[in-house]
């Protein structure tokens, strides 16, 4: 297990400061005006060791919506509920080579089966497979799961953001898949929980706690409690590694080599198996939708501390 | 204007009889059980001259739902209401090379703009542009228009069929386009009229009357009343010629050479400009979704009477 | 048969003059420097009646390479040689919805079978089916055929242009199709004749003579000699109408309504069946690769004289 | 470093025997008749520890052509020659979601840039970047590199197989990329070396030696000599993990979790970083082109010995 010694904590501050002194190029997340407002300068990071040691720098306490980063957690719960065989009958495990929002990809190969659970269509399928009698319970179970992982029972979704969001693309994906019997049920029961989960808010410290659970084979690094099975952790980390960073997943795997999942709020959850969990925020996004600052910081840390899977 | 003399009427009967003696290969329309039930043997044709002369053979009086054949008529009304410039800002005029139900095609070229009004997505756009304050009025105006064209105020849509139909694919297309601001409004106001129009029922005699209006530059061949403008007729006939027969439009244009539009109920509306209108039914469908009997009959008539546009 | 009276000839001059006074927007053909050099102002037109009457305006005597306009003529000869059944087993008749140079389209549907003979891959197939013992004879037969159609035995291909052209894309198409057994033979025998045919040069007067043969059901409008069979003319005109103007074929069919084929040298051959043949040049190209001036002139003439197929 | 003790060696024999007793479903490699003939029953495996310990079972000494497995080695040499920056300007690092032979994929995104070096187009680019004055030297340098990695100077390519192979698809890819200036040079200099490398033959023992070099951070596990730089090894292993097993790369990463590369001869090279190198052969192929026996054996070994990257 990784020691987070003084050198590491100091270096963390240095890279965040270095980021803040850079020109913050990149587009900003397209939230509705007044909702989820964020600041180009709000760069933050939290690091949690698999044994519970922690360090923070920058805007580590400022909350943000998980957006696509939530896909990892709904996938984990669906895998716990249904097991990989049932789940992977309805969603693939292959990188798609298509944008996360693509609907065209559903018309290739097995009609209506999304390529993987990290693109929107696949994430909708995964969430729809969380066991529940209706949409409300489905979302509640996921929220409770995330609260346990982040060790904060106050975590909730941003209702205003949920209301304001344009839902039409995800509706299109949902009805296309329902047309092909990949999902069966109502928009209310199956799609709404997914739409809500993307608005769940936490900060870097909490996100690093979730990441540390994954780094620690599913056990909470503080309480020692097992929150996710080892098999599910393995599957989730593999999919983060191969498909977690949108259309730059392959580049990130080569350059950084750490299983990670980004969201268009500019957050990244990154996991160094057996060693560290990271939560990052940096709202300016590159062309692929990943945090410019987040990717750069992780690349520097990976090179400095040899964090890559194949390092 | 074409005389429909005794020879023509007799020949019509002969080709229908010849069809009925053939093996009726081809798949049958996938209606819900008990709804829109049809008979592989129900082959019928009606022919109406641009001056009003008429002839029928086979099951010419048996009603069927228009299905995709209705796309021609909603396009005509939308063109009359909005004019070509406004309409063709929201839907293209190019053959797509993709299946009529394809959603992938919406992700190419101009995002969300369907290739043409004969594929489902494009037909949804066209219908949504019929002027009306809400969905009910929109559909009513289209139904009234069709009743006038077919000269039968009793024509209506099949409610049972409308209810039973799987609407999810068209919902997916609708929400995908709404996401790209190609359509703006509710499912109720914009999509429902399209879903209903495909269930509008008529028989071959009525369909040939509609076709004869198009053959007669928009004037009713019996009453002489102008029902559609010449400019709209020209546009509609061009699109029928280039895109009216699903993925076999090009083959049909070469082999038969008549502007036509088919529906998956097995119907075909065919127009010989200046001369004849045809309504055909023959439920067994080829791989492209066109009536096996209908295509074969039109090919024989076209060769015998030189009906092709470039003949 | 169409009279070309004084009014028509005068109007022709007017539209060309009007074009020349316009700003000549549009990109210029990408010929190699010093080869096929052309002038943005070189707008010309020639018109030939199906009975032999003629009129010209602008740069009607300036030669240009046929480029894609040659595809119509190699298709005609291949159809005469092999008949439609044999030909259309190796190349489709459907508009592709893809760019003319696309190779991706060959991976869809029937592997390696091009959608139609107006895209490069399909034109390579058509030329390869011209009967000959080798590539030299194949090209010579096509050149002789074109010389007869244009009534000028001096017509030839531009060797300098042929040598200078980048052949790699067409090589890629050729080898991809050979991999799928759509063509069988050497680059020398099958591909070279196609590469040469695109460099065949003529002027508007000659091109309008070729067009007039097609307008006149295959008979030379001056000598009365039959040069192409009626069946082949019908097929060729249909494909020009549905696929002749690159990705704007559908728009052109609606707006102009005349079977036509353009080439990236800025030429257009247009045929009003039973009435007129046109040859046009206007080097500035729109985004689809069609002559800006040529399209605009044809649209004006079509509206003024009601030349459209469905007018 | 991994001990290969008696238990491991014994278990290896057991799984191979188990495979041999199974029904050998799956298609056989499509070699030309008489060339590269192989036997459905020829299942073999060799394992080499990062410290040099070794074990074999089954047909471990029977040679086979590397086919796509060679792509890993040409990539490694190109990376050593040019460095990642230069190389990844001409070929991507992203999983493509398309078949390895796809040409359509070259028309997406950056025109002509292949998605990654494990699909044919990308491997052609990588080989073309091996430094050499001509094709002969280029191939010779690669062959020498492979001889050193496999510690056998007698390794060579199968001339008969090279001659017999259908080269048209790879020619199509080559000319398409040359059209887009992704490769610059002749078929002889750039494509022929790639075509030859796929016919290089070795057996499981030699392949496991190559794999063990990669497992041992680029150092030969027996001689201790550094044959590949650590940075190159890291990149190569990452790409094997994300894209090495054709269209089942994602599934294999989840189920087995070992960086591996397969070839359509039925071979697989698999690397457990820091621990073990594997060479496998099993000619019967699944739908994706991977060895049925090879995949199954690796899955069993991975589960038994926890070999997965995230295990």
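Letters are used for the chains, namely A, B, C and D, taken in the order the chains are written, and counting of residues starts over at 1 for each.
Everything below uses one rule, namely that a contact is a pair of C-beta atoms (placed from the backbone, for glycine too) under 8 Å apart; a residue touches a chain by one contact, two chains touch by 3 or more.
Treat the numbers as computed from the prediction; the structure is a model and nothing was measured.
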item: Equivalent of A-D within the choices C-D, B-C or A-B, defined by over half of its residue contact pairs recurring; value: B-C
item: Chain pair showing more contacts of the two, B-C and A-B; value: B-C
item: Most distant chain from subunit B by Cα centroid; value: D
item: Geometric centre distance via CA averages, subunit C-subunit A, whole Å; value: 55
item: Centre-to-centre distance between subunit B and subunit A (centres being mean Cα positions), rounded to whole Å; value: 48
item: Subunit B-subunit C separation of Cα centroids, rounded to whole Å; value: 32
item: For subunit C, residues that touch 2 or more chains besides their own; value: 105, 108
item: Every chain pair in contact, whichever chains are involved; value: A-B, A-D, B-C, C-D
item: Contacting residues of subunit D [partner subunit C, same complex]; value: 102-108, 166, 168-169, 171-176, 178-179
item: Residue ranges of subunit A touching subunit D (in the complex, touch as defined); value: 84, 88, 92-98, 105, 115-116, 233-235, 237-239, 241-243, 247-251, 253-254, 257, 259, 273, 308-311
